[in-house]
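After this come two complexes, each holding chain A, first together with chain B and then together with chain C.
After this line comes the complex of A and B, so read on.
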């Protein structure tokens, strides 16, 4: 039963006094002012909606703030120029002036980056590499670079694994250089694209030639823009079955590659005699060759092939060929052939080239790493790709218990063939790097970095780290950042 | 400004859209034409090469579009009418031709069913 004092205060609030008997009114101290907003509400009844308000009397000034059709000026607000809003949305911010500079932060160094000694530490990305990474569009606007003073990444277990791959390639014997091929898979926000970026960073530091096909969150060229029919295409003369090349896309890719790899390309002279539609000056460097393709889109594809040929001459640097958003190239593209049939993505020359490298048909004479990152948020469904990755993950866990393809799903045989090595327990070249959750030590390391940057105002101790680690779904790094830096309660 | 089939289009017009302004070219036909000349669906008129524009114009001039097509449609209707068929009469009266009810909802028939059937396009008869 509720206490009587409560009942009394309710009865005071009641507006209808007539319900109370005279006796009760006297008993319940009617003179106390009861809390009510009714008086104010009923004192000045506002005019009902829909009732026409009388026009102001003559000579009376009224305030009219509405801008109607009669207004001579109309809306004078400045409209954004075409593309301005998109540019704003897709802008890559790599610096937060309000964050604290972490003085103890070391850069990744050329000498030590492949040693694997930095496991579990947060390392900064050197200034010149940041420019190169920006040029190949390795940063994404959805990643949290703009929260910190300067770009830095955690050297997690998978990063060390990646460094090991690069080291393996560099240490393999001259003449039998290794080509290592990996697919990055894992949960959403798990750090696949960041791991790819770390791979690119290491390759830049070790003076490799880096060619990157970004996912295309920012601007084209991008993996999704290769296939979504937004750039020019034309059949490649003399190809059987017909292949299609994309001159604008390839030219753009060459321009980006040149910008990112300028010092390396400048130091190498053209030694083969490429047959190009445009004349190349005598004793040209690779830089001049690539420039030729970047400026003249019609020559871009032959120039790309010539560049590849040049880089295959022995003694040249190793290559890192990377792509983000693998599922975009594992389906029919949106382009149409002359017979109005969809063109499979693997019939586009650039993708054909990448797939040949990934499937192992083409190997790199000077060694190299082929990386393909999958995406979980921007991915067209490709059941063949999903199945291949699942089988590869299963092979790593338990090789005796293989998965079978769901017979009720449509199979893309070309994708199945391209990813054959993923499902083959014997094949060693192509494998999956599963980007899982962080360990608690790694989580602690990155959270200490958050705290030192002034973005996390809490005492980072075991209990706190465990809590955030659990909240982030067993250390999913994107969720960890969300839970500790982005979320403000 | 780019001239296709004798008409000029601003450079930022989509090729698909500019083709579909002609009487007799709809989504399917424009898709077929563009696939034939390897023009991507989102191409703008300004990005076309000169040779492609010439090819397009040549292709369009071989097709039965605009007034040729209108004339054919009108001839077909006139033939029906001259024979005195029911369909011809219904066309002449501006009423539904294929047995629809006429108690309500014949606005489309009133708008379209006439002897001088023309439709929209770049050229008027």
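After this line comes the complex of A and C, so read on.
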């Protein structure tokens, strides 16, 4: 047997192509593989189909971005159609079919609602008023209307106070009717919007004309949507300094006002001769006037002014003008002027109108109530408003010990001027209604209503009421509902 | 050259004669007794009515025979005036049952207490091992609590007995609600989980009365469906306890041979069962179509899944049945210690 060295040199000899002539190379090359497998072994492997990257070697860590078997599947549900989500989120449900009907529940009655005899009782809202309140968007989706058989509210101390205001307006002498202006303030979940709703309910029951600027919950109009530049605006011709009016917003407000106040507006004829851009039929009613503005946005602002003029004629019903979310209109709006400067909210015509009523510059010849509710969850900061409310509350508590404005905070002078009466001890027109906690008797009354509706499964006795009343931060009604009904632990 | 000894021949099974089972004989029931005739006797059968010989007499009825036997042994025999309960006598005796008239055979076949056709041979429910037994119906106890007598000299009155369930600060809420809240929690955000829990309960409260599917039975002792929306915690508990599996499959590595894992059924405790069920419900809810937006959308889907479970529409029931079926199959893998 030849030594291995010889065999190796022999095989290398045959592979060394350079020594062979070009002609003989083709003949020799098939022999090349006969003695060696190294060429095939060290050759690059042919790439497999569909796999560019080689699999990682054993023991080598790689980044695996694919979902493993162990990982839970994420939300793979289909997405809803556009607009569907918001509709669901903002839907207002006023009825729970599962709740028990409270047989002892009486409705608010036109004759007795202002008497104040119902203090501490839970009263239902009549059905036609519910429709009207829905039209003016007085209900909010965060409130607990959808838990009970039908809408009902507790006649708390502040409600009776508000009933007293309406009564005062109604009983004032013809020709010098009173205009009462109030700001509702209080803790979060304290029932400010519900108190406003109760005021609207009483006004509807007493056949007042109700104009409500709701907080932005569903669609415009809303207090926050007046100023957040979601609707179109245009400078009002001939105004100095320039004011801006919002056609679509005003038209929508007129439509809602018409829907809510239709029986009242239908019964009144137009007596003044308003100058409108569109012709009004002769002997028209207020309903036709408002319809004109609701259908034609370009005429909406003149129609609104004409409606206000009509309602100011003596002998017409009183007006309840209400707004929820006061701090939205106490700041610069998101609109820009032609000089690309922010427009102050008080330069928008509708807000200007409301502020004039609230500050007392405009009075209502037939009497009325101007209500502005603050909000604690959805409120842009407005230090002038906060300070004015604090001073007014302090005036009610201790008139001798007044607060001073924090000099390190930016002051909005227009807001300070508008709310001047709040800080003035002598001025009686504008005041604050502090919406505080319920008393224990009121808490017991509303909790008995919860229990009768089947929403609270407990024996309502003194110990239970005291426990929940304390848990709710001394009777904050929203917290009370959370603690007892919603089981928000 | 092939070996003469055929190895393959031994691989066949060697038949072993099984030991004959000693059959249990009923001493009373002897349907036929062989009559012995001696060669000296005449081939004509004796006239039964006239003969005095005891072997020629006709056999008494089973009840009579039992009564005679009882008389001999001095015990209480069957009452002869009542007739013979044939069904009881032939019970468990196949050969005797074959000779029964057809009416009685049919009656035996359709016995009321046997399980209906197509039902499982195993139970899928379990009794609560907790002290109270049944579900918490949320009924309010209107009995006045027992007041301890006033003892002078004590600063505080004695506690009211029995101490209410929610008196302990750490167990003041419903155990199911607590557990579901904790399972809902993500990234340690308990307040968000509690808000979701409240929304789930609110959805259960406002959704309609569920229609119960009879093929998906809820746990025993469930209240009528009309009671459920008014008691959302019970609704939640009912859905979770009904769909919860009784066992899980443990995979014993390599025990099945060839590196394969051996499946072993393992019973679960109540809290473990609930945990499994809640995790199933949460994963099914996350796969649901998201129709809402904002903070409450997941809670709403969980609530919809709970309603689907109670109505028997949820796919979790198939999952539960599959686990139970697998568990029954894996029952064979359990090797119990030999009895002595």
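We adopt the following convention: the second predicted complex is superposed on the first by the 408 of 489 C-alpha atoms of A that agree within 3 Å, B and C clash if a C-alpha of one lies under 4 Å from a C-alpha of the other, contacts with A are read in each partner's own complex, and residues count from 1 in each chain.
Heads up, the rule we're going with is that a residue touches a chain if its C-beta (ideal position, glycine included) is under 8 Å from a C-beta of that chain, and two chains touch if they have at least 3 such contacts.
Please read all numbers here as calculations on a predicted model, not as lab measurements.
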Partner chain(s) touched by A:146 [first = chain B, second = chain C, both, neither]
second
In the superposed arrangement, which partner chain does A:84 touch: chain B (first), chain C (second), both, or neither?
second
Identify the partner contact of A:459: answer first if only chain B is touched, second if only chain C is, both if each is, neither if none is.
second
Count the residues of chain A touched by chain B and by chain C, then name the partner with the higher count.
C
Thinking of the overlay built on chain A, is A:337 touched by chain B (first), by chain C (second), by both, or by neither?
first
So, does A:93 touch the first partner chain B, the second partner chain C, both, or neither?
second
Under the stated touch criterion, which partner chain does A:487 make contact with: chain B (first), chain C (second), both, or neither?
second
Using the superposition on chain A described above, determine whether A:471 touches chain B (first), chain C (second), both, or neither.
neither
Can you pull the chain A residues that chain B and chain C both touch?
none
Chain A residues within the chain B interface of the complex
229-235, 244, 334-340
Taking the complex as given, what residues does chain A use to touch chain C?
72-80, 84-86, 88-89, 93, 96-100, 146-147, 454-455, 457-459, 482, 486-489
Would you mind writing out the residues of chain C in touch with chain A in their complex?
138, 140-142, 173, 177, 181, 194-195, 197-198, 201-202, 205-209, 229-233, 283, 286-294, 301
Using the touch definition from the top, list the residues of chain B that touch chain A in their complex.
31-32, 34-36, 38, 40-43, 47
